[in-house]
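Okay, so here's the structure we're looking at.
First chain written, first letter: the chains are A, B and C, and each begins at residue 1.
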Amino acid sequence: MISYLTLKSRERSELIDITARVEELISAAGMRSGCCDVFVLHTTAGITVNEGADPAVKRDIASCLDRLVPNNAHYFTHSEGNAAAHVKASLIGPSQRLLVDRGKLLLGTWQALYFCEFDGPRERRVAIRICADG
Amino acid sequence: MISYLTLKSRERSELIDITARVEELISAAGMRSGCCDVFVLHTTAGITVNEGADPAVKRDIASCLDRLVPNNAHYFTHSEGNAAAHVKASLIGPSQRLLVDRGKLLLGTWQALYFCEFDGPRERRVAIRICADG
Amino acid sequence: MISYLTLKSRERSELIDITARVEELISAAGMRSGCCDVFVLHTTAGITVNEGADPAVKRDIASCLDRLVPNNAHYFTHSEGNAAAHVKASLIGPSQRLLVDRGKLLLGTWQALYFCEFDGPRERRVAIRICADG
């Protein structure tokens, strides 16, 4: 079963916690165990898992990526001016595969699921496929 | 069902669009919906998803990785001289999980599936597993 | 079926080969073909696939990441002092999806599965889900 989430980013580079929205889909489907694939339908955004408790962590990830891959680096040739966002998207990756156990995402104590915006602000779409065991 | 693609890279660092070849496998299997795992069987190559329209994007990704991880950086110790290619392989990752909907890969408008060569030119192999729903 | 591995890291940054331990789980389950998801339950560690033969490769990956994302870079704001480890975790990613064929992980000749410690030494947990075909 494939569902879609629509998101609005507000910054150029930003991590947005989507854990609760994905767990709502799992809960609405009545799924107890299985797996869940989260896939971004864009080429300047990604999906990651990282700390959900201290918001400094998501800011530090975005700002470290900004330093590793500077906007408008002199060697970029893509004419739209967002080559850096494309590179970041491939460094983070377009998808995550998560496990579902007892009706919830199987995550460590501090883990949260993040949509990573690298070329916002924009409206974005994420595809979610859940697949129950048995 | 596991199939294999054989690819020939022509450059040291190069992204090769394999979307059409993977969709041929899906189509040949008569698969309508499900998922598709694409896995590189090498340690100096990866798989990513990024823009397929403007070829400048794939060049920019390869050249940004070349700058982040320079060939023959003084601190590398691997004696084969291709340590940079191994690091890039782990930054991009060896595999992607894709969704299949209505007989095609579920991709955003600009997305394409890329094999990423980091130590070419060579002949390479990619394993593809498709798994139909129901 | 979800199983858990417990690991002890001994260094701050370290790649630990877990191929044999995951293959023991596959073998114990009597599984011949299917897939295997490996997911880290922490936010300062990751999972990758890279060369298992020359130990210089895993050291080079860890030391290149140390250079790309320096500990205590001046712009980090996370108060626990391990922001670099969080960034590395997202660059490498928290999980890998592997294929199983003839009772073993489908890996290229030189590939091994690695747990990547970025904030050790610690005790860590990894979730493994195996899913047989048919």
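Please note the rule applied: contacts are C-beta pairs under 8 Å (C-beta built on N, C-alpha and C of every residue); 3 or more make two chains touch, one makes a residue touch a chain.
Since the model is a prediction, treat every value here as computed from it, not as a measurement.
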Copy pair chain B, chain C: interface residue numbering same or different (half cut): different
Between chain A and its twin chain B, rotation from the CA superposition, multiple of 5 degrees: 120
Distance from the mean Cα position of chain C to that of chain B, given in whole angstrom: 20
Residues of chain B touching at least two other chains: 68, 91, 93, 97
Parts of chain B lying in touch with chain A, wherever the complex brings them together: 33, 35, 48-51, 54, 56-57, 59-61, 63-65, 67-68, 91-93, 96-99, 101, 106-111
Interface residues, chain C side, partner chain A - complex: 2, 37, 39-43, 68-69, 73, 75-80, 83-84, 86-87, 89-91, 93-95, 97, 125, 127, 129, 131
